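Let me begin by presenting the structure, written as structure tokens, before commenting on it.
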Amino acid sequence: MIKKYRQGAYYGIFFLFLSVAPFFLTDFRAGLLAKFLCYGIIAVGISLLWGYTGILSLGHGVFFGLGAYCMAMYLKLEASPSGIPDFMEWNGITELPFIWTMFKNPVFAIAAAVLVPSLIAAFIGYVTFKNRIKGVFFSIISQAVVVVTVTLFIGAQQITGGTSGLTNFFTVFQVPLTDSGTKTILYYVTVFTLFLIMALSFGLTKTRFGKILIAIRDGENRLRFLGYNPTGYKVFIYALSAAFAGLAGVLFVLQVGIISPEMMGIIPSVEMVLWAAIGGRFSILGAAAGAILTNSAKSYLSESYPEFWTIFLGALFLVVVLYLPNGLAGLVEKVKLRFAKKEKKEEVKHAGDSLVS
Amino acid sequence: MQEILSCRNVMVDFSGFKALQGVNLDVKKGEILFLIGPNGAGKTTLLDVICKKTKLTAGTVLFDGKISLEKLPEYKIVHEGVVRKFQAPSIFIHLTPFENLEIAMKQKKGLFSILLAKMSRLEKEKIDSLLNKIGLFDVRNETASSLSHGQKQWLEIGMQLIQEPKLLLLDEPIAGMSGLERTKTGELMQEISQICTVLVVEHDMDFVRKYSTRVIVMHEGKVLSEGTMQEIQENEEVKNVYLGRSG
Amino acid sequence: MSVILMQLFNGISLGSILLLVALGLAITFGQMNIINMAHGEFIMIGAYTTYVLQQVFQQQFPDAFGTYFLLAIPVAFLVAAFIGLLMEKTIVKFLYERPSDSLLATWGVSLILQQTARSIFGAPNVAVAAPEWLNGGLSLAGMTFPYKRLFILGLVLLSVLFLFIYLYRTNSGRRMKAVTMNREMASCLGVSTRKVDSTAFAIGSGLAGIAGCSLTLLGSIGPTLGTAYIVDAFMIVVLGGVGKLKGTILAGVMLGIFSTFVEFSTSATIAKMIVFAVIILFLQWKPTGFAGVRVRALD
Amino acid sequence: MGRKKGLLAIVVMSMLLAACSSQIETATEGTESASKAAVSDGDSVKVGILHSLSGTMAISEVSLRDAEQMAIDEINADGGVLGKQIEPVIEDGASDWPTYAEKARKLLQEDKVATIFGGWTSASRKAMLPVVEQNKGLLWYPVQYEGMEASPNIFYTGATTNQQIVPAVDWLLENEGIKFFLIGSDYVFPRTANQIINAQLKAKGGKAVAEEYTPMGHTDYNTVISKIKSSKPDVIFNTLNGDSNVAFFKQLKDAGITAEDIPVLSVSVAEEEIRGIGTDVLEGHYAAWNYYQTTDTPENKSFVDNYKKKYGEDRVTADPIEAAYTAVYLWKAAVEKAGSFEVDKVKAAAGGIEFKAPSGVVKVDGENQHIYKTVRIGQVQGDGQFKEVWNSGEAVKPDPYLKTYDWASGLKK
């Protein structure tokens, strides 16, 4: 009971902080925070996939990017009075390609932004997991998927906008994107989405399904000999986290106003994993907070030390991974354990898995 | 007695190394059958073949007179009621004993059934009573990693029992256990055999003598001899290759 | 006909370069299971070492300039190996049981190394002039085989040869094999696994240094040089079968030939896509790569 | 006990908050300093400098930052602009386009800079474009690019296509031959450039024998070189970007193709790049730019001297460096003409401004915000410098949409 209460308190403070943050932040900082919240959504998916299930994907940038592109296509069409996006005109395309025509419909665009990534993840997941490719092999394959996708998006410039990606949007549902009212609404939509995603994920980990995920991480083969076929579970969680990433992409494009193939690449994909690692991969809240904190640190460092910030960022990654294997959430637990030392030993044992499991 | 499992001419070839060279073996319903033999005789490999951890190179494994196990994937073999306990404790160390049993429990184990699954009172009672039986009720909410070795072994046996198997495959269940724990495990095994058939790989001859209804001796990938422990002990051939060596 | 022959040579040449890049990783990743994302930066270190040596020779020993490159190969090996050793002693040794953490930590290292190189050598690329004897090519039946590529081919063969001799013919190498096969057993037999780990990591890094040195003949030398090769290198090790040196060699050469031919009949962009897609498909078919092994352990 | 736990939770979360608050702190700092600078008060004016200082593009962009810094220092030493010292706010675009958008937004909204100097790749410009338009900011973009753009909030001080590519193709047709091999990196600039070249060749009796693109960062050009050998062009028109140039030229030379056999004309290889590629492999090849370190003007002499004095004897100047340097001075001139730092007034005043740049006299075109520039074809010499082999004589009027060229009418827009 106490455990539940404490978890609730953590979440309460977290979301209280997020709800009041815009009142204390300038527009620009609030915009940045909104962007980091999108990253938080991705990190939650990675926590489920990696922390809980033990599947390390180094290709979540692809799913994020696909979601973002789906939304961006709709926005781009809304921003193209001639009906054909500007970059297509430069490439000599006079008729809107079929793929694009479907994205005139915002409902389709948003649905696609979630479904396309999850279907692609389900497909990749099905074949690889069915063939019992796991661990590092899966990670490497997910990198290959990144390479294929990014190359494809850069190569198909006439349709995708090439390296520049899609940008220069003005309105969403005819409402100007730059209005502070729109921005505020989008911010709270993002907070609310993050809340839903976290609540769903947290709930999921507490069900029998969540225990199966941990069992897959601890020993996939053992689970087979208990009569489970892990493939379906792994595909499901992979597709779910891809859907989260796609959703994050939608919110990202709406608030940041640009998506380019770079954002799908290896570097952002690895960074996504780092967010979860720094926050604590075994904790939903930790992962979300990790995404926000890591990116805050990144922004802060790059603004303060534009010349050397990558050194500091690299050192931060290094220190966290070396000394905080369970991330900041693990640190919180450690600190708490120190406080709780005098309490009964039993208590201490339990505390280990409240945030970190 | 009726055969619950019959292996015919089972061969396993590990890229050149012939671990099993045409094993024929029948397990009768309700018995406690022990597999013994020197190291490398192929006992564990045979268990592996039955539960599909290892693919056989040739032969058939017929379960319950009609099901060809060698054609099923591992998890479906389990669904048929053939359950395996591995030598090293194979429990999920980040889950509690209760949770370990919860997921092991006989239930529909497809993705969607599990997604929708809710713990019913009946299920809870079933798990609790089994926890009592294997003596883990007091530690049911500890993480399994903190259990002692014996506790882990029992938890694993518990995880097999709660699946309500028809055939239980045990690989050295008492390895590393103290005398008291051995007795307890043996009694548990006898109790189990009331409801299902047990096939055990074991090295401890006292244990075998005490609890076996029948014994099969394997040597160099083949069945050497079978019978009661008495008969086996009197078998000259067995004495030569096995008992003679181990004293 | 000559086109096909030429392309075959190009493929083998590309394969040799890929192999050289992957060889160090085959040890650090393949044998030691460390996902070293900073592998590319060790390549960069090798390249900059070559650059520094060139500068020194230009200023101090202009007469002996022709020989600097030969000297650069062992020096690049030593410098990269030394930095690799440092990294093993301070970071990697904590991560042997945590492969996915090794990925994240070494990623941090790669960021640091890149920026450090930028601070030392400046952001723009630097140039390494090849010694005169490596310029030009061997003309044969209307085809030109550039000396540099032949040189790299020879260097790769030599590196592979040395690696095999080391692993199978020296005590230190045998110890390394023993540790990678069964760590506990080796340690019981009195092999100092710590020492072996350090040595192996240093050799892996040193090989990356050699790769960097030879890449200066063909491409640019800048702080981000390594990033272009890191994914390819991992693909090759996985494709060849983790822990299987012979598989790595086969994978490197096959990949080189395959992508060269695909590129010739399509374009570089499409070739890149096709090659990676084929790798994905191949691994579906043979998850353990060219030279996979059966394992008996559960999980 | 429950209370104790609650207390702990609060302590822990306040740690989290404390970590986050660095963000809040910088935010408030930002607003303070922004109001301090608020463009016209105080004795300094903030400008943003936004180039990639890390990542793959840093190899090119760091020098632009240096050039802009140098111009600012010179202006400050000379009394500043409208009596105010220029205070540069430097940000790192990190070779990542959304980062460019983020940092541009930060400079405009937080630092309230009077203008931004920044960008290299077209993608970085396109990422910044909506940000500067929506925030009514000003951006000076100093690199040659593919045209087809004229944002009212951007000044383009690099060449557009008719100041670089088009005259270069004409010159090649006249002097080197009609069979072109087009090689470029796979992104916007090369593809658009090659579209223009194709149309131009078609109209003028030339022919593109092949058009090859390689992914960014491609390092093995053997196969492309095989294709070059089998298609036997008179000239190679090179729009490769960054690192790829190094690999391409080194391997081209190794394959036995010299500048005498098939000359390469590049539009992205300047003195900086020569330093990274090596003079030995480039000697004899051509480039089309508006400026070389060897360009013979009195302004250039002091520019090169000052640059080397400031950043080291081994540094070189190049076209984008000169354009970045010029951009700062053009902005200063426009501000002084407008008598204000306000973006609208600066924009209005900019048209027609002339400046004696190191590359010669340049003039801002008030209509499309590009600048008039002299086109120069140079040939790489043994010392790593260019020898100018042709120039357009007078500064060419910028025409980003190629409206004045009949053969370009087939191209969209």
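Lettered A, B, C and D in written order, each chain numbered from 1.
Assume a contact is a pair of C-beta atoms (placed from the backbone, for glycine too) under 8 Å apart; a residue touches a chain by one contact, two chains touch by 3 or more.
A quick note: this is a predicted structure, and the numbers were derived from the prediction, not measured.
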Intersection of contact partners for chain B and chain C: A
Any chain in contact with chain A as well as chain D: C
Chain at the geometric heart of the assembly (C-alpha centres): A
Longest centre-to-centre distance from chain C, chain (CA-based): B
Distance from the mean Cα position of chain D to that of chain B, given in whole angstrom: 72
Separation of mean Cα positions, chain C and chain A [Å, integer]: 32
Chain centre separation (chain C, chain D; CA means) in Å: 34
Approximate Å spacing (C-alpha centroids) for the pair chain A, chain B: 43
Per-residue overlap in chain C, given as positions that touch at least 2 other chains: 114-115, 269, 272, 298-299
Junction residues of chain D - those touching two or more other chains: 53-54, 186, 213, 215
Residue list for chain B, restricted to those that touch at least two other chains: 53, 86, 90
List of chain D residues in touch with chain C within their complex: 53-56, 58-63, 186, 212-215, 217-220, 222-224, 226-227, 230, 242-243, 245-247, 250-251, 253-256, 272-273, 275-280
Residues on chain D engaged by chain A in the complex (per definition of touch): 1-2, 5-6, 8-10, 12-13, 15-17, 19-20, 22-24, 26-27, 30-31, 53-54, 90-92, 94-98, 101-102, 105-106, 109-110, 121-123, 126-127, 129-131, 134, 148, 186-188, 191-192, 195, 213, 215-216, 411-413
Residues of chain C defined as touching chain A within the complex: 33, 35, 37, 91, 94-95, 98-101, 103-105, 107-112, 114-116, 119, 231, 234-235, 238, 242, 269-270, 272-273, 276-277, 279-280, 283-285, 287-288, 298-299
Contact set on chain A toward chain C in their complex: 50, 56, 58, 127-128, 131-133, 135-137, 139-141, 143-145, 147-148, 151-152, 154-155, 219-222, 266, 270, 273-274, 277, 307-308, 310-311, 313-318, 321-322, 325
Residues of chain A touching chain B in the complex: 207-209, 211-212, 214-215, 217-219, 221-229, 232-233, 236, 349-350, 352-353, 357
